[in-house]
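Two complexes, one shared chain (chain A), two partners (chain B, chain C).
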Partner chain A sequence: MSATAARPATARPVRKPKKASYGSRAERRFAFLFVLPAVLLVLVFRIIPLIWGFFISLTDWSGLGEAEFIGIDNYAAMARDPNFQDSMVNTFVLLATLPVWIMLPMLLAILIHQGVPGGKLFRAVYFFPAVLSSVIVGSIFNVVLRFDGSFNALLGMVGIDAVDWLGNSSTALFSLIGVQLWATFGMSLLIFLAGLSTVSKEMLEAARLDGAKLWQIWIFVVIPSLRPIIEFVAVVTTIGVLTNMFGLIYVLTAGGPGTATTLPEFLIWLEQGRLNRPGYAAAISMVLFAFMGGIAYLQIRIMSRNANI
Partner chain B sequence: MATAGKKEKRVLWIISIPMAILALSCVYPVYFALNNALKDNRGYILDRFGLVQNPTFDNFVQAWTRSNLDTYFLNSVVTTVGAVALLLVVSSLAGFALAVLRFPMRRLIFIVILASLMIPVQVVLVPFYQTIIGLGLLNTRTGLIISYTAFFLPFSVYLMTSFYAGLPRELVEAARIDGAKLIQVWWYVMVPMGRPALITLGILNTLYCWNDVLISLLVLQDQRTLMVGIAALRGEYTTNVPLLSAGIVLAAAPIVILYIIFQRQIVSGIAVGAVKG
Partner chain C sequence: MKKALLAGVGLSLLAASPALSQTITVWDWKSGDPVAMSYFDQAKAEFEEANPDVTINYVMQPNDQYYTILGTALASGAGPDVFLLNGGAQARARFEALTDLTDLSGDLVGLEEFQDEDGTVYALPISIQGFVVYYNKALYEQAGLDPETPPQTWDDLVAACEVVAEAGSAPCFTLGNREGFAGEFILSSLAASMLTEEQQQAFADGELAWSSPEVTAILETWVSTQDMGWYREGANSTSKFMDEYEQFMRGDAVHTIGLMSDIAHWKQFDDFLGAENVGVFRHPAPDMAFDEPRMPVSGGIGYGVNKDGDNVELATAFVEHLASAGPIQTFVNDAGVVPANTTVDTSGLSSPSVISILDWLEPYGVTTAHANVTAAELTEWQRQSQLLLNGDVTPAEAAARLDEVQAEARSDD
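Our next item is the complex of A and B:
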């Protein structure tokens, strides 16, 4: 099934053939005037800074005074920088958990759609953490996940020994990932539910009449028809974990212990501000941009295909 | 979805138990924050997990006055309201032009605005910060309003454009009348027609601006917004949990109220990108 199949049946057909028919002079002039604020904001604060940032990344600039051109030295320095290497390893660990970020909300959405008892309530409640700021979520879990916090108290009731979830470098990253997953799965779940409402009822009934079991219907009918939604959630989640975890890191672990929870976006901020090495920070930014580029390209293609202009 | 058989119904009942536990965990922050905010520090140390015994509002008073949350709250309100208003105006104007009007480079401009999604603030942190300094916007609320608008704009433009592109053809053609009246067409036709999308965007962007930390840390360094203030309430080794909890209640209250009133719009706003994608 192609991605466009998820479009509601009432939508107009895909964009009409392109013609070079422009409006009157006044129409053209006003059209430019109307898009100007948006274009200027995007140019001044995002696109020009991206190009400028590339040039900064080729210098040893310290934030003040003259910058000296040092070629790719910043990039070479990254290869020797243990902090940067750790942040890359952490990123790959994080990306390796992506199947869980997609499958958990998908499974829950299918169950709710299937009419699990209490489903309507679950849907509303699961989404609640997603509206809270990462600072609020992080501050609460910073207390909850302490050695003497309520999470360990809860585990103690079922006979599990206490763990210093945030202070131990082998558990800190997984704690960070777990909290972020807990805080955002409701968002993906809503997207899956919206997708499920477009799955063809006839197909499900036909499978049912053929004597298929519920789980067979899920695996052979429902999940394959959710493919465009799975693609969308995968792209949005990947971008989210690469660029939306700053707030949580900032309050939950501050990147530590050591570099256990330092991700590139947090390292960029550290190098830019506290360590006062903007040239080096800009170089790490370029690496993050390369990561983002391919994934975001997919997202933009999906979005522009469906905007109907 | 296909109806479940008798045995399958029993399985669904069993599955609903872990799902209910997950649901409990999702409302736990409310219990945590409210319950602890009402304890005094001694009461918290004596009984950290139990229900509050002698409720007190001292923490709210202290957070609001001595911890400067009143100033931070004002900063958050001003910048959020300003940025959301600006976002709605800029994106509905752009959406009107991109979806309805005919002009050269229309598609290119749309793609460029969308492509800036690829450039989150972390990717341009250093030059963005220099741009803010260069424009004299550092430590100004105006600077933060403009920054929020620049970084939350692409999705808003996308949504307005695809919303206007879905309007009936006749209406769109009627809107292409000549001359300077186009501003009136925008104000009297496109803005009212776009209301459902504008409401969705208003709510979502309010969430994003209110909850932001990174952009605010960079642009409003010596004044702080609420979320930066809350982060600062959390000490490195010793945190006054009741005070922090009171701060959390004050900072989350507007968002929780918004969530309760506009739940339907938030849900449809999140879903719209997906079903269209």
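Our next item is the complex of A and C:
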């Protein structure tokens, strides 16, 4: 027994619990200085442009001269605009494929983690496309997917007729999604691999000792352990596909045929750059921002709820 | 005292420096093009020699992002002193930012695409642009066609394509419509001959609807060419300026609708196929409004002066020089441009194709349909042209959608 422990409990008056101290006022001010640059950057380059964009969305500004306030006319026009509606339908189709964007890298990561032969090589190969810019990826797949391209040549060797993957209205969007998936799943795979390294070895060992089969270990131990990672990948992937596909669309399909591969971000560029309608483009931007904000909020709520379990 | 004097001189020099040395910033998407460089260099050298205190600074912007970057710069008040523009919708959208150059346009043609309804000219065209059909004479011979008698009527062209199809060596036309540009070209090529001059003007003014029998007939003709098998499959995933012309230049297609100036034109094709192997004719059409096909022509590209720039007077002088006979002569000789300046001597151009094109310029003035519709209509037509090729919509459905866009765009004017 230590001397401290031997000391009678009454020797020192019991203190009332104090509010947590976060340092002196001077320290707090000093800390504020550290966050100030980041706050200013966000304010100047994010918040103020966002507010400015909202005000532009309420005008008919053409980019030149005076802007006339037109209230919610741009938003009303959006509701009538079939091109905007098509771009939102395409967005929902894209989001409907989200399970594939999560399942594919997760399953491959589990296989690599299980120690399949050549795992390190596969990891490097899968990750390689993630370092390529979307323009390079687009240029590569332009050659691969064109009507007289290598993919159709391969299909021809097994007796399948050629398809205009990028020029056909029913295949263009899925071709685009496939290319984007190829280009980006390596990053998700790395995140899953990092997550897998945190799965409790004791739990895996216990499951084995209890006689669980491999698939049972995956379903009942590994995947539940990866739940926070799955949710994180879901949020990051959703934001990524809604905001980072412009380059690929631009190079591969230019939004066509028709509006088959037009997503809101491409439409924003078209309205602003080619049609000289920054006001309308700003209105679409606001809707896209609200849409993404809503989805991200829902996903984060789900993540937070699960974190409390 | 000495220090004070030196400081005074220094301050005076600083204050006087804008007058001592001025820079005119010029934006374009062409000044880095090797074949056009001699024109830009000559204009700069001559102007700087005549104005020793002036420096011309060309800034080449990426072609495909040009109007986005320019729009942002003008909106923020940081636009260049001088900028290059395509005639038609893109120029009209920026008249508000441009200086009146009407007094400098005396020797120029192709002004319509750079002037407003009152006739005020906002940019000086340096080239005129239009569409013709180029054909590969060697492939004509291989197919059994006479390379010296190209099609003059729609029936001639249909018959020629049937002969080409029977020969089977190459598609009748190469087509790149990934961006909808082939749709633009065919619209202007057919409208030039299928619409009367009054109808062309009414279409340009938004008074002739896309669903009118005359314009719908153009859409139907476009679909009929696809149905007749004139094109290789995959046109909607083939880019026009990268792939279509490459196919033509390597002899993989018999015809292509090309430009008369600047790019994708006779000089480029002559260089690849040999001038003796390149033929040219005006695109015929069914139910032509004239005795013979017309060539759609308009002001090509032109320079405008930013009215909010710091050096409007000098910038205007430089634009006048850019459009003047001296530098343009070099542009014509080296880049194969058909000039907007009527005082430029084109007699030195020896290519058989350009000699034909220059002959067809008289009388000047068959409007270029795609350059005179609104940007919104043009973009929607690009989309609809793809859907028509795929068979996803009928000409009537496409025309109905284009009517909506036309009505909305014209109501905004």
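A few remarks follow.
Here is the rule we use: the second predicted complex is superposed on the first by the 255 of 309 C-alpha atoms of A that agree within 3 Å, B and C clash if a C-alpha of one lies under 4 Å from a C-alpha of the other, contacts with A are read in each partner's own complex, and residues count from 1 in each chain.
Keep this in mind: contacts are C-beta pairs under 8 Å (C-beta built on N, C-alpha and C of every residue); 3 or more make two chains touch, one makes a residue touch a chain.
Because the structure is predicted, anything quoted here is derived from the model rather than measured.
Contacts of A:P257 after superposition on the shared chain: chain C is touched, whereas chain B is not. Look at A:A31: by the touch rule set out above, it reaches chain B but stays clear of chain C. Of the two partner chains, chain B is the only one touched by A:I268; chain C is not. Of the two partner chains placed by the overlay, chain B and chain C both lie in contact with A:P278. A simple residue count on chain A separates chain B from chain C, and the partner touching more is B.
In the superposed pair of complexes, A:R46 makes contact with chain B only, with no contact to chain C.
In the superposed model, A:D164 lies in contact with chain C only, and not with chain B.
Of the two partner chains placed by superposition, A:F92 touches none, neither chain B nor chain C. Contacts of A:G65 after superposition on the shared chain: chain C is touched, whereas chain B is not.
Chain A uses residues 142, 148, 250, 269, 272, 278 to touch chain B in one structure and chain C in the other.
Considering their complex, residues 1-5, 8, 12-13, 15-16, 19-20, 22-23, 25-27, 29, 32-33, 48-49, 89-91, 93-94, 96-99, 101-104, 106-107, 109-120, 122-131, 146-147, 149-151, 153-154, 157-158, 161-162, 165-166, 176, 178-180, 182-183, 186, 207, 210-214, 217, 227-228, 230-231, 233-234, 239, 241, 244, 248, 251-252, 255-256, 258-259, 263, 266-267, 270-271, 273-277 of chain B touch chain A. Touching chain A in their complex are the following residues of chain C: 64-65, 67-68, 71-72, 74-75, 93-94, 96-97, 178-180, 232-238, 375-376, 379, 382-384, 386-387, 389-390, 392, 401, 412.
Here chain A touches chain B in the complex through residues 3, 6-8, 11-12, 21-24, 26-28, 30-32, 34-35, 37-39, 41-42, 44-50, 52-53, 56, 108, 110-111, 113-118, 121-122, 124-129, 131-140, 142-144, 148, 150, 153, 182, 186-187, 190-191, 193-196, 198-199, 204-205, 207-208, 213-214, 217, 222, 228-229, 232-233, 236, 239, 243, 246-247, 250-251, 264-265, 268-269, 272, 278-279, 281-282, 285-286, 288-289, 292-293, 296-297, 299-300, 302-304, 306-309, going by the rule given at the top.
Every residue of chain A that touches chain C in the complex is listed here, in rising order: 60, 62-65, 82-83, 142, 145-148, 162, 164-169, 250, 253-254, 256-259, 269-270, 272-276, 278.
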